[in-house]
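Read through the structure below, which is laid out as structure tokens, and then see the notes.
First chain written, first letter: the chains are A, B, C and D, and each begins at residue 1.
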Amino acid sequence: MKKIIKNGTIVTAADTYKADILVEDGKIALIGQDLSDSAAEVVDAQGHYVFPGAIDPHTHLEMPFGGTVSKDDFETGTIAAAHGGTTTVIDFCLTDKGKPLQNSIDQWHAKSHDKSVIDYSFHLMIGEINEDVLEQLPSVIEDEGITSFKVFMAYKNVFQADDGTLFRTLEEAKKLGALVMVHAENGDVIDHLVTKALEAGQTDPIYHALTRPPEVEGEATNRAAELTGLADSQLYVVHVTCEEAVTAIANARKKGYKVIGETCPQYLVLDQSYLEKPNFEGAKYVWSPPLREKHHQEVLWNALKTGDLQTLGSDQCSFDFKGQKDLGKGDFTKIPNGGPIIEDRVSILFSEGVKKGRLSLNEFVNITSTKIAKTFGLFPQKGTISVGADADIVIFDPNVERTISVETSHMAADYNPFEGMKVTGQPVSVLSRGDYVIKDKEFVGKIGSGQYLKRSRFGELTTSQEELYQK
Amino acid sequence: MKKIIKNGTIVTAADTYKADILVEDGKIALIGQDLSDSAAEVVDAQGHYVFPGAIDPHTHLEMPFGGTVSKDDFETGTIAAAHGGTTTVIDFCLTDKGKPLQNSIDQWHAKSHDKSVIDYSFHLMIGEINEDVLEQLPSVIEDEGITSFKVFMAYKNVFQADDGTLFRTLEEAKKLGALVMVHAENGDVIDHLVTKALEAGQTDPIYHALTRPPEVEGEATNRAAELTGLADSQLYVVHVTCEEAVTAIANARKKGYKVIGETCPQYLVLDQSYLEKPNFEGAKYVWSPPLREKHHQEVLWNALKTGDLQTLGSDQCSFDFKGQKDLGKGDFTKIPNGGPIIEDRVSILFSEGVKKGRLSLNEFVNITSTKIAKTFGLFPQKGTISVGADADIVIFDPNVERTISVETSHMAADYNPFEGMKVTGQPVSVLSRGDYVIKDKEFVGKIGSGQYLKRSRFGELTTSQEELYQK
Amino acid sequence: MKKIIKNGTIVTAADTYKADILVEDGKIALIGQDLSDSAAEVVDAQGHYVFPGAIDPHTHLEMPFGGTVSKDDFETGTIAAAHGGTTTVIDFCLTDKGKPLQNSIDQWHAKSHDKSVIDYSFHLMIGEINEDVLEQLPSVIEDEGITSFKVFMAYKNVFQADDGTLFRTLEEAKKLGALVMVHAENGDVIDHLVTKALEAGQTDPIYHALTRPPEVEGEATNRAAELTGLADSQLYVVHVTCEEAVTAIANARKKGYKVIGETCPQYLVLDQSYLEKPNFEGAKYVWSPPLREKHHQEVLWNALKTGDLQTLGSDQCSFDFKGQKDLGKGDFTKIPNGGPIIEDRVSILFSEGVKKGRLSLNEFVNITSTKIAKTFGLFPQKGTISVGADADIVIFDPNVERTISVETSHMAADYNPFEGMKVTGQPVSVLSRGDYVIKDKEFVGKIGSGQYLKRSRFGELTTSQEELYQK
Amino acid sequence: MKKIIKNGTIVTAADTYKADILVEDGKIALIGQDLSDSAAEVVDAQGHYVFPGAIDPHTHLEMPFGGTVSKDDFETGTIAAAHGGTTTVIDFCLTDKGKPLQNSIDQWHAKSHDKSVIDYSFHLMIGEINEDVLEQLPSVIEDEGITSFKVFMAYKNVFQADDGTLFRTLEEAKKLGALVMVHAENGDVIDHLVTKALEAGQTDPIYHALTRPPEVEGEATNRAAELTGLADSQLYVVHVTCEEAVTAIANARKKGYKVIGETCPQYLVLDQSYLEKPNFEGAKYVWSPPLREKHHQEVLWNALKTGDLQTLGSDQCSFDFKGQKDLGKGDFTKIPNGGPIIEDRVSILFSEGVKKGRLSLNEFVNITSTKIAKTFGLFPQKGTISVGADADIVIFDPNVERTISVETSHMAADYNPFEGMKVTGQPVSVLSRGDYVIKDKEFVGKIGSGQYLKRSRFGELTTSQEELYQK
């Protein structure tokens, strides 16, 4: 059924203007002023912004971690995402060394296919590189449309790959047109610091932060960036938290290396002191890399402004405080890493970024949607409001004030790390391919209606897009 | 009369997509696929890009300089600009110390009003700051819509202002919402180096470059940037040519200073060796700052990619080789500075930037148009293709190959500095507010049809644009 | 008369060892263990360090400033210096534009010749460069042995020179083998900030600091360093106070520029908050550049360690609080700039530097003496303990604890800016060319016994010293 | 027997002066002018410099490597060293994982004790850290006086340690007062690049350089420096070759990290093109890290000047071209790494550094001797000319010109990498603890007369040396 979104202010990564949008067959068909079509349902956007649906490039839904499983699955997670204005997620597909990659991908399809209420795609973890793995990669790209590979430099003896694996993945990615993503922390050093802390009886959540200091993130980020330059490949650094890592990325970009950095809302507004909350509440704020001292926040904001950081992910990986996070009582290493962020990611960037004058509206859209779509091969189907694009659209009230709380959250976890934070701005209605997922702030979508997205290769966006888009 | 631009690939600073555009009353009225309107003239853009008209933020048309006057005036200059895909120019209005600013502005209106074939605006030179000048500035902004002020750190005893003037201009600009532009070279040092060279009988054109080394540009750029940070104001550095200046800008941006850098096509593709051409031909390549050694070029390209430089100007200021440039025979200081660039600016960036994989299409549009419109308060009326914007549109053939030559140029000067350079891509037709200026590569516009543009304040674009665009 | 300094630990910029020193004819004649000579007076240095006499490269004795004259003259000033372990001072000879340089030099000789109790030399201020000045410089170097010229980038309309003057002085210095010293602050900007502050009724001492922020020092330091690199000359930046300036110097050195930086004890241990002391006491802490926020201190200490800063001066320029500093009540610009530092410079570096583990003993000697002698053409006559050098020797008790106070000070001013500061270490006896100036902490020297020192050219120390020292 | 070194110009890291030296009981007993002692042998140093014996902190004598053994042992190697003016070597004692450290040390004693003609000491390689190793370290320091531990970040599956081992070694070194030395190249990446090269049939010597690019050295240097800062420990980076590594060290020092860098003569004067010599001669120039492109040389020279690099080692590890280097014909990985450098290290720094004006005489002595002695706990017994120090003394003719050649070399290998290079300056006579080792350019020493040196802890030199030297 057709819809006309009327009277809103359309915002893209470049533009801000008042116009109506005609949606037909799930696509944006027409943009103009004073559109009318008797067959179309009218969506009133008066006084609201009309954004392209946000894309979350970094989620871990229903993911096994340390003997438990992250709380939000593709159903609750994507419903919450939609409430927050996100219409696409790209989830990390974990792999097991020695097992066929397709097995892991099939598992990920299995847990998402019948549940996701918005479109989705996968990144693939690379734990090792050998002839066997190399043989499988072309089909991962061709058949599955998975064009981004993640390598962990931390989590020793679990996910951690050595530098040879990272480098070969970068080489292979260049050859195949894929993008390498990296969790940049020095896992060897962390492993030792953690051992020392536990031996010293330092078991509280704050020691999670103190055993992963900024130096280990800065070092690893520099290392990954240098290997990228050497391989003439492309790199995406997930969840950048600190000045040290931003400097490494900026230096690499100055040398002409293709390095892109992502940060997350928690690093922009929360700080290390949260880990010291009493009654084990610090466990709610355990991410890797950890929250940092407050002065890093302005560095991250400025990097989003200058382009040394370019995207915002949630690193959504929620756990209940009771029953999951408390597995780490008496031993911070047993606290599952992560938190429920997927729903509030966009609102926080709008409220703290746009409303406080740190970012323009266009930069906000670029950071939460357009640049992500371009980086991960989803553009121009996703990530913008242009004729021919999927009608993934957010009607956003920029003036409503609300207080973030687990009470009103749609995520499954039993707490919200931003509890009590006041934000301005909220999605009112959200369309996925032209259909309401959220209408007047209520979920009205259909479980399992999200479609799996095969993605384009990375290299296509770094050269002239002529051939690409004239097809 | 209505027009429909059909079958082209529309490119904005964010988007690349196939769609038709309905132009009505000089504005973009509708964007959609397969548009039709029997009352509309069809403009066929099949196989072509549809770009927003480019904006040239840096021209000197019919400008007195060193006892002569730049060759292209608002008629030949804007016709040539239009041929090259430029639909708006912002020209520098020079002022005289001690005289009312309005006098100078009136002069500039007088020479442009009946001549310009595209829309235009003015920057205002600030030579000194005193109570008298301060009193005049609000009306310059309010009444004339001139929201950018240029200060020269070079041209001793001619245009050069001291650091106090620069700093007070920065302070005043912050207060009034204007943008300060700076020609960043240390004029005192240049003055001495020039004197020494002449005393040593070093009178050939190459000494123009050797007496203005990169250090004097790097130093002055750093100085202007630091004063900007101190004043918490905003700065636009015109015609950046070298690594030293790029580093100064990058450092400033890393500290959170609001500093924007512009480069010009000549610095991207020509180098200092051109000044050594025999038979005084080096004089054709005399700009200030001068052309640099070749290794600076990749630094400039990379800076356009990373955002440390953000715009491309032409610094159009053309002189005939015979009769003007040759005033400097036997004394390089008498060579009028500048050259005819306005026509080829866009083509060169497309050919060397997009076609060679250094920039994406969207980055190209941003650098030549959108970012300039946003920076100088012309957005969203100019600088993009969105519903409601002025229909300043370029139909661009990305595949045609041509050789730049004075023979085919529309600029008035008797030579072209890019003579013999092969470029790919050329505007086919150009609309200004919906009317053809160029049609099938022929000028069909009307002399004097260009309108003067009052511009918005700078600060408006750095904060939430909500209030701005919801009006 | 001969002397043997027995049982001390001799410390030079390279060495630390126990040995005796035989002094004869004002020179160091012999170094060995268990020396004896019946004709020699024994100076017992058991448990003490034996340092080369410190050199203060930066004093303003009996200097006219703002309608008054600095309190310590060459008599009180050098007596106090000697008490502090300083055996040579290099004072700044101010000049007047348009008057013969020799006039000024003669004035300086007149006020020092009959008063100084230790050896001394002069730097010469360069206020302008013209043919007349250029003609005089060779004889300043040849006849007077003045091989260092100071240029002020601040004190607008008083001492300030323009960039052309600075650059030409650098060029001339290279040609003549002199060293250019620079007071690096942007005087134009300061002048405006001061005017604004006064207009706003901001007249308290703290506004002295707030109108000379670190940015104006960092900018000017970078400017001077770049001009030095361009001229392939040599630069000495006096009284570096902040991270911005240290960064500028470090960057220059990394590029291979010959740039040397000096800091002063006040910047290492005092901070901007002192300017806010009540009852106008902040005036006691008015220097230009001003004291900075505390975090700059560790940057300065580390720069002394890494060599980005290399020397320590006092910038001695004392004024009474009553009768001089209080000229600035109600108008901070009338507070005479400077303070009494000459006596405590060495003790503070020893106590805060060596005793606190920031510097080694050898580094301490280098920073307070050897490097200064080498930089200013006094080496090896001054600045070290080696056979053949002048017997300018300090017997230093490293363990005595004392509290700095005006009560025990030998400087003429009525306050001490370090009042109440506890330091460890103090000179016990001080020899100048073999004669006691200080004996058992009492002044026993002779007024006027100090000799004027002609200094070598700068360049001699940057090349092989073979020819130099084999003569 | 006593000796008097007469009429020379004594040069230390601080001083340059004419004086005589009385040597007695192997120590420097007296320094003065015109010394005489009828019982003393006179050593005429007229027209010569008198330097402290140089120290080579980086040798591999009779070391097993890749199935062969380095050619020079402690006899030929130290004889050659002495000819070149070196009077102390510190050799690397390799260890085997799982075996007692003392075993390795005993082996090293066995091969040096009866052979060395000059004094010597050992560094100890740390291949892994575990409880067993940790238990042994205190006695290595206490009993053996080995206070420096080397960790390899390269040579995968041979010497390479992981980051955890490096970090724990840094922690332990801090605790014990030892210095960690690091071979900084990313071995994982090199291992892969080498495998790829061989698979591609790239077997010539030049591929040794191309598979170990500067990026892998720069990255690893930054990594080691960051881990040092994190551990608040101390680091010595051996054989720095490139701008990338210098930048990493400079950045670390700017942050206050205790990082010291060493370079080697081959990197200062040879470049990567040597590896392309025909007839497999490139193999003569195979070091790890490899020779670099020429532009790195000036960066290294400037870093020695500014202090970002502080010492010069030889990395002596010689192999015959025939019979050893040619093991790598058809497979560059089989070329033994290293070359004969021990003899010419000092001459090259003097000739290219001092004579060409890049370094002062004092800096030359510091870099080749004094700073090394201080860094490795040999000072003030070694590394200077001061009363009480060992009489390790070099009489050096600064003006003799010679051409380096294997024909005149005293090293055992069958080629010299500096063959044909003209240098100015050569040791004439060399004393070790007062005895001639070299007299009139002939070896006159005694095989096995060199003594093993136990060294002091590192930390002692970073704090006040008061307690140290007053004993």
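Basically, a contact is a pair of C-beta atoms (placed from the backbone, for glycine too) under 8 Å apart; a residue touches a chain by one contact, two chains touch by 3 or more.
Values in this document were obtained by computation on a predicted structure and should not be read as measured data.
*Asks:* Show me the overlap between the contact partners of chain C and those of chain D.
*Replies:* Expected: no chain.
*Asks:* Chain by chain, through touching neighbours only, how many steps does the shortest route from chain B to chain D take?
*Replies:* Steps on the shortest route: 2.
*Asks:* Quick one: report the Å distance separating chain A from chain C, using the average Cα coordinate of each chain.
*Replies:* The separation of the two C-alpha centroids amounts to 57 Å.
*Asks:* Between chain A and chain D, what's the gap in Å when you average each chain's C-alpha atoms?
*Replies:* Each chain reduced to its C-alpha mean, chain A and chain D end up 50 Å apart.
*Asks:* How big is the gap, in whole Å, between where the Cα atoms of chain A centre and where those of chain B centre?
*Replies:* Using C-alpha averages as centres, the distance is 38 Å.
*Asks:* What pairs of chains are touching here?
*Replies:* Touching chain pairs, listed by label, are A-B, A-D, B-C, C-D.
*Asks:* Write out the stretch or stretches of chain A touching chain D in their complex.
*Replies:* On the chain A side, the touching residues are 162-164, 167-168, 186, 188-189, 191-192, 213, 215-216, 218-219, 222-223, 226-227, 229-230.
*Asks:* Name, in rising order, each residue of chain D that touches chain C in their complex.
*Replies:* Its residues touching chain C are 9-10, 12-19, 22, 29-33, 47, 49, 250, 253-254, 256, 298, 302, 305-308, 354-355, 357, 360-362, 366, 370, 380, 384, 386-389, 398, 461-466, 468-470.
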